[in-house]
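Labels run A, B, C and D following the written order; every chain starts at residue 1.
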Amino acid sequence: MQGLLAWVPLLPLIGFLILVGIPLFYRREPPESVITVIGVGSVGIAALFTAVATAAVFWQTPSGVVNIALWQWMQLGELKLGINFHVDWLTLVMLMIVTGVGFLIHLYSAGYMRKDPDFRRYFAYLNLFIFAMLTLVMADNLVLLYLGWEGVGLCSYLLIGFWYKDPVNGTAACKAFIVTRIGDTAMAIGLFLLFYEFSTLNIPELINAAGDPGADREIITIATLLLLGGAVGKSAQLPLQTWLPDAMAGPTPVSALIHAATMVTAGVYLIARMHPLYTLSETAMTAVAIVGALTLLLAGFSAIAQSDIKRVLAYSTISQIGYMFLALGVGAWSGAIFHLMTHAFFKALLFLSAGSVILSLHHEQNIFRMGGLYRKIPFTFLCFTIGCASLAALPLTSGFYSKDQILLRAWEFHQGFNSLWLAGVLGALITGIYTFRVLFLVFAGSEGAASRHCKDANTPAMTIPLAILAILALLGGLLTPPLQAVFGTTAERHPAAWVEGVAIAMPLIGLGVAWQLYRREKKTGEQRSRVTQFWFSGWGFDWLYDHLLVRPFNMLARLNHNDMIDALYKGTAAFSRQLNTLLSASQNGQVRWYLATFAAGSILFLALLVAL
Amino acid sequence: MSTQELFAILPLLLLSAGIVILLLQVSFWRGHRSALATTLITLLLAAGSCFWVGATLSGGVSSVQATGLLLVDHTALFFCLLLLLTATAVSIMGYSYLRLRCNPERNPGSYPEEFYILLLLAMLGTTTLVCASHFATFFLGLELISLALYPMLGFAVTGDLSPAREQAQSLESAIKYLLLSALSTALGLFGIALVYSAGGALDFSGIAALMPELAQTSALFATGITLFLISVAFKLSLVPFHIWTPDVYQGAPTPTTALIATVSKGAVIGFLLRFFNTLDLYGSPVLINLLSIAAIASMLVGNLLALMQTNIKRLLAYSSIAHIGYLVVAFIIGKSTFGTEAVIYYLVAYIITTLGAFAVVGLVADSVEDRILKGEYPESPPSDADNPYHRDFYRGLLWRSPWLASCLAAMLLSLAGIPLTIGFIGKFYIFTAGVEGQLWVLLAAVVIGSALGLFYYLRLLLTMVQRDPTLTAESTGSVQIAVSGQWLLVVLTAILLLFGIFPQLLINWINAL
Amino acid sequence: MTLMAIIILLFAGGILAWLSERYLQRGGHWIGLVSLLLASLLLASYWPYLGAAQVIGSGPWWDSVQINWIPRFGISFHLAIDGLGFLMLALTMAMGIFGLVMTWNDIHFRRGFFYFNYLWTLAGVVGVFTAMDLFLFFFFWEVMLVPMLFLIAVWGYEQRLFAAIKFFIFTQASSLLMLIAIVALAYLHYGNSGQLTFNYNDLLDAQLAPSTAYWLMLGFFVAFIVKLPALPFHPWLPDAHTQAPTAGSILLAAILLKTGAYGLLRFNLPLFPESSAAFAPVAMSIGAVSVIYGAMLAFAQSDMKRLVAYSSVSHMGFVLLGLYALNTIAMQGAVMQMIAHGLSTAALFALVGALQHRLHTRDMTQLGGVWAILPKLSAIALFFAVASLGLPGLGNFVAEFTVLVGSFRSSHWIAVLAATGLIGAALYALIMMQRGFFGALNKRLQKLSPQAPIADLNLRESCALLSLAALLVLLGLRPQPVFDIASPTVARSLAHIETARAQYAKDQGIGTRFTSQEQTWAKPHPKESESP
Amino acid sequence: MPIETAPGLEAGILLASTLFCLGLAGLMMRRNVIFMLMCVEICTNAAALMFVVAGAHWGNADGQVMFIFVVTLAAAEVAIALALVLQFYHRKHTVDIDQLNDLRG
């Protein structure tokens, strides 16, 4: 059974290698069907293996841990690292999300990307992504995790810039990679610090060592904050959130898979995985919570002001991950992972439905040019609505369960009313607003400019995943993952009923506000006040970074284009040439001058004789 | 004068005899080749006799004092041998040079044989100089060299087949050298006279006996020695007495340039070694400081002057200034056997390399002269690329005449001190000497000088390998040089590589002195 | 004797290639290839030592040969090989073959002479990596330069002459400092022991006064970091790399730069352990600054080859950083970086060369959208670009990571500074992909492509590049064999440092000078346990 | 052996030095090659004078011998020099030394 789990990441890798290696053996491009079979099939089998392994091993023993040692990676002094996998329930949840949702999105992609000239490249990247993501979640040491971490970053980069001919896509891709790399570097430094302190990077050993009472709390705080740096980069949290909205330049299934369901939640996974270290540091926990709270509000407001359907979803993703961070910050570990899971379901559903909309509208993404689509693409409408309901956490949807857990835990953690809880509740309201605003604008009312040419583009390859995801988004709340073995159990305490009531009421209020907003915006069209414009631009972070970092750096690079140190040597050379000219002037060919220099030299020497 | 003394100066006697024979031969039977043959035989005989004399010195007697004027020992004989062999090479170069320009059949007024007589005279001067143990012999030897060199420098004037410009330049170099050299001689003589008036002795061992008193007290003596050294520095073209060097080197017929750059300098170095050793002048910090200053200035100024030079002969002249500067570094470290060894090794390296470089330049110019005489080539070069002394002429030479260019490349690499060549071992000796003497300032100057030097050596080297499609000289095709010249170059390059790769051969020999 | 045979084989092959020029139009390649393959075979004869480096044999050397050369100075022709030497030789051979194969048809002018220089450069490098006599080391150090000079000056691009001279003057001037240091070292040893020798093993025991040792160490250090190159001695590199022909750039980047790093590890650290330890913070800072400065300059370039060249400065900064961190992890990382950088940068140069060969430009303002017309080439370029930015799973990551982990132990802030270079690497690697390969097809290329379809990488080139890619992946996922091979050498260098530190501590009572480096942040750290 | 200098020697040195400096000055100031040669002669003779004075001071013949050498040298030198000057005049029709500056740089 362990072997089966080892095959889970390997299968997508094999798929990737086959897809990439095809030109070595065949001159012509293989048909799409073959590519689909390889690309989707490999992930499908991986999903199957995961399911089998889950059923066979873990179902009975929720506390079970499977360690798979593949081979020794490096062993240098105390640095002992293996290519080893560590599978527990936390990993398993992630595995199921990655392979399961991943498989569905792969399947959907086969329909969505049909007839794209780079079909093969697309699936190669996707498979590579799945492999990297699986490595990330299965790694038993932080360096292997980092391998997956960077690997998913690379795939994200490649897929955002998949349609490379448009330079805008490329810029967005670069931005995504570099911004996350900043976080990654912080994380790498965190790794160095952890190794420096504990002489190991193996996660279980690390957790053991940190648990030792003699462990230096200060170092743990710094290290966890540095890891948080990595997490905020990858999960697009404040202050490194700016890349995610731009990342929507990639194909929509990619946004669903990478920028909603899996990769961006890696930060949450990381912190959850390292949670024993975080619990040791008050500061780190607070930081995580504050980052989450701030991000969920900021991104929520930005989502309200967007006009691009995918950007709305992108900001909503940032905001929802903010919830997860908030959950982590208040110690609701399983809540965070639960929300991660449900979010994967409904956000994937939303993105895929949005993809259907976009494809049906011939790549129109502006919601103000849509409207009244509920008649033209009813199935998509249905799916999107389910997704919205779940996202807004309407009762009985999956999102409701997970979000509710977070809010309750936030209340509890600080024993009653506190700002984190308030932020969460306010966020729930905002979520309701932007979710239903986009739903109304796209599907309700009269037809928009682009809706007229709408043609249902769904193929079976697309509808099946949509349907499954819709079911999951609705009922996923019932699938509470048994994470107690990983995170330990917390005593269930029920706060006052009104607290629950507020949490339930908020999305409904949001719905109402959204309706008002929809009515107004339908009339005015795409117009923004100064405030909404500010929200629209993502609170000016892009502008700030551009002026604070990008431009100075570019200017510095331009200024130093020719390497100022080289100027030093060029100066020496020029100086030598000057001396040459000067001395050459002494060789003027005049005998009497020569005689004079001879005499002068003699006098000089005699003078030196006296002087010395 | 005993038989032993006469035998000891056998090389000098053979040279004298050769001169007389050559004079007689020329007056009865003129012929360029036969004159060359006599010269070669004389030089080789004299060189061979060095071995013979050296063999007799191997016993208890390590040196023979021939009268009060000459002292023959192993070192002196080694220098004689080295310089005589150098002169052999120069005479071969001279043949190639004179064959074209001083052809009595074309121009009855030209006397190529005179060149060889003068060469032998100069060699008599050098052998006298390296054996000198008295100021009189020093003076005699030095003047013998100078007096022979004046006409040799101006030799192009007599063979009017040379291009007019070359003739004028040759004359100019002769006059310049004469005036400056005369002044330097006068200064040197004045210095000797002061030394004499301070101590009352002119033979070196006599002065050496007086040294303890003189060195401490007499300003007269110090002034005299300094003036004397200035005149020697002039011959060595140490900065600031270097200024004549490029002009004279450039204007002179190339074989004469080679002679003045190698033989005359080598003889002076040989003499200086003995002079400093006998008088133990290394102990005088003032003189050593003066020499150090001159050495540093030579290394820097010489290399800086050469930096942008396009005329090859001038370039080599400047580079020789720098090289003598390097050599002085080894010279300064003093009396130890290592210092002498380093000086001699470096000198051998310098002589072989310089000789080779000038040989290439001369032979290339001769080949052009050949074509001028055949009317294939304009007498006054229309562009730099057609001037055989200009760097541009060498553009792409490696592709046109690979062997010739390879030889020059080897010489240049040796000058730059790159391994596989004798120049590298020489440079290594300089560094070792500098380290042993802890002369860090001087070593720094050597490093800076070498870095500067690389620039112009490499520029010339890389000019030869340029693949320029707009090659103007490509039309001129390959450079055909005389067979004798080819042999000369091959032998020189072979020695250069041999002693570069297996330096121990030469070291053993030097250490046996 | 095998070592001698390798060197002689390469020298002889070079001469043969030159001589064959007159008779065979295309003989040079084959002679070159055959000599390199034979040399590799000879090298492969050391395979028994690979697995059991510590078990077999007495002493650290796998094999050595010693012939008296210049007894006057105690100089001998002394070659020896150990793990590090083997790795470097293997890299040399592999990259030699790679460069040859990649540029199989590039050279049209004087092929024979080209391969003569090519092989002689390699022969010189082999000498450098095996010489155990300091004089001989210097000898080869210089010998490898001259043919390289010709490679740049004859077959280079627009400004080849300037670049060649600059390259040569930088390396030569600095190596003269090393020569002084070598001679001084030998003479000081002579003064102490009465035995004049340039033998490496003997000189290891030289007793030097600290201040003297410091100066000598600087002499070596400068020569090596010029070659490396590190700030502020790097300006020769972009010019030389950019102007050299593709094969020359490959040799330069993959092998010649490594001689500097090799020298630091083999000579500088063991010969002057105490002063090296004292100097380590400075050297590490230089390394870290090089990392960032190189990355920044790479980012600023529009000439793709120049970009790759500056990226070398950045990468080699890690080597310097790692070597002077003076602990096993970082030093092993540095060794790994030498190899990984060799592979990735050589491939990038080869790719730029292939691009220039096809599109006649390497200026990124004239490129763009190349992926559309040359997908294979671009895909492989992508691979090596991400390798160069240190993507985990590839050799470069293993190297950079271990270097940083190790150097973090020695100095937190310097390691953190160098770690920001990871961001810089992402910047330049991605900007290269972005401007060169992605985006809309450049107008100039649009004009170019319809008339004559541009051939993508052919089988020969693809195979050569893919094998490098495979090697990088292998190094990234299974680097342990390399670490094992290098470990005795690294351990020995470290042992010298440790002894010196211990000695110093003994001299000073309780030594705090060297350990103080390690406790800038937190509590003192348990000493690393070394098992040499 | 008398180390301290007798008054006669001092005067001789003074005279010879003055003579030498005069020659040197003339050498630098005159442009006519013939006159320059004469100035060189003055310098040379200053040295010769010095030998004679010193020889007289020490009471040995070496100084006189050197004097004869010097005179011989001067004669030989002048002979060659005049030949060269003649050639110079032939070509340039002048004996102005400043016209002799083809070689420079």
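One rule holds for everything that comes next: contacts are C-beta pairs under 8 Å (C-beta built on N, C-alpha and C of every residue); 3 or more make two chains touch, one makes a residue touch a chain.
It should be emphasised that the depicted structure is a prediction, and the values quoted were computed from it without experimental measurement.
A centroid comparison over C-alpha atoms places A as the chain most distant from chain B.
Between the interfaces B-C and B-D, more contacting C-beta pairs are found at B-D.
Among the chains present, the centre nearest to the common Cα mean is that of C. Inter-chain centre distance (chain B to chain C, centres taken as mean C-alpha positions): 43 Å. Centroid to centroid, with C-alpha atoms defining each point, chain B and chain D lie 26 Å apart. Taking each chain's centre as the mean of its C-alpha atoms, chain A lies 36 Å from chain C. Centre-to-centre separation of chain C and chain D, using mean CA positions: 65 Å. In chain C, there is no position where the chain touches two or more neighbouring chains simultaneously. Among the residues of chain D, those touching two or more other chains are numbered 24, 27, 97, 100-105. Of all residues in chain A, those that touch two or more other chains are 584, 587, 589, 591, 595.
Chain pairs that touch one another are A-B, A-C, A-D, B-C, B-D. Contact residues of chain C toward chain A in the complex are 231-232, 234-235, 238, 296-297, 299-301, 327-329, 332-333, 369, 371-372, 376, 379, 382, 386, 391-393, 397-398, 401-402, 404-406, 408-409, 412, 415-416, 419-420, 422-423, 426-427, 430-431, 434, 437-441, 462, 466, 477-480, 483, 521-523, 525-526, 528-530. Across the interface of their complex, chain D is touched by residues 584, 587-592, 595-596, 599 of chain A.
Interface residues of chain B facing chain C in the complex, by the touch rule stated above, are 399, 413, 416, 418-420, 424, 427-428, 431-432, 434-436, 443, 446-448, 450-451, 454-455, 458-459, 462, 465-467, 503-504, 507-508, 511.
Those residues of chain B that touch chain D in the complex are listed here as 135-136, 139-140, 143, 146-147, 150-151, 154, 157, 165, 167-169, 171-176, 178-179, 182-183, 185-187, 189-190, 192-194, 196-197, 200-202, 210, 213, 217-218, 220, 246-247, 250-251, 309, 311, 314. Within the complex, the chain B residues that touch chain A are 175-176, 179-180, 183-184, 187, 222-223, 226-227, 230, 234, 240-241, 243-244, 246-247, 285-286, 289-290, 293, 301, 304-305, 307-308, 452.
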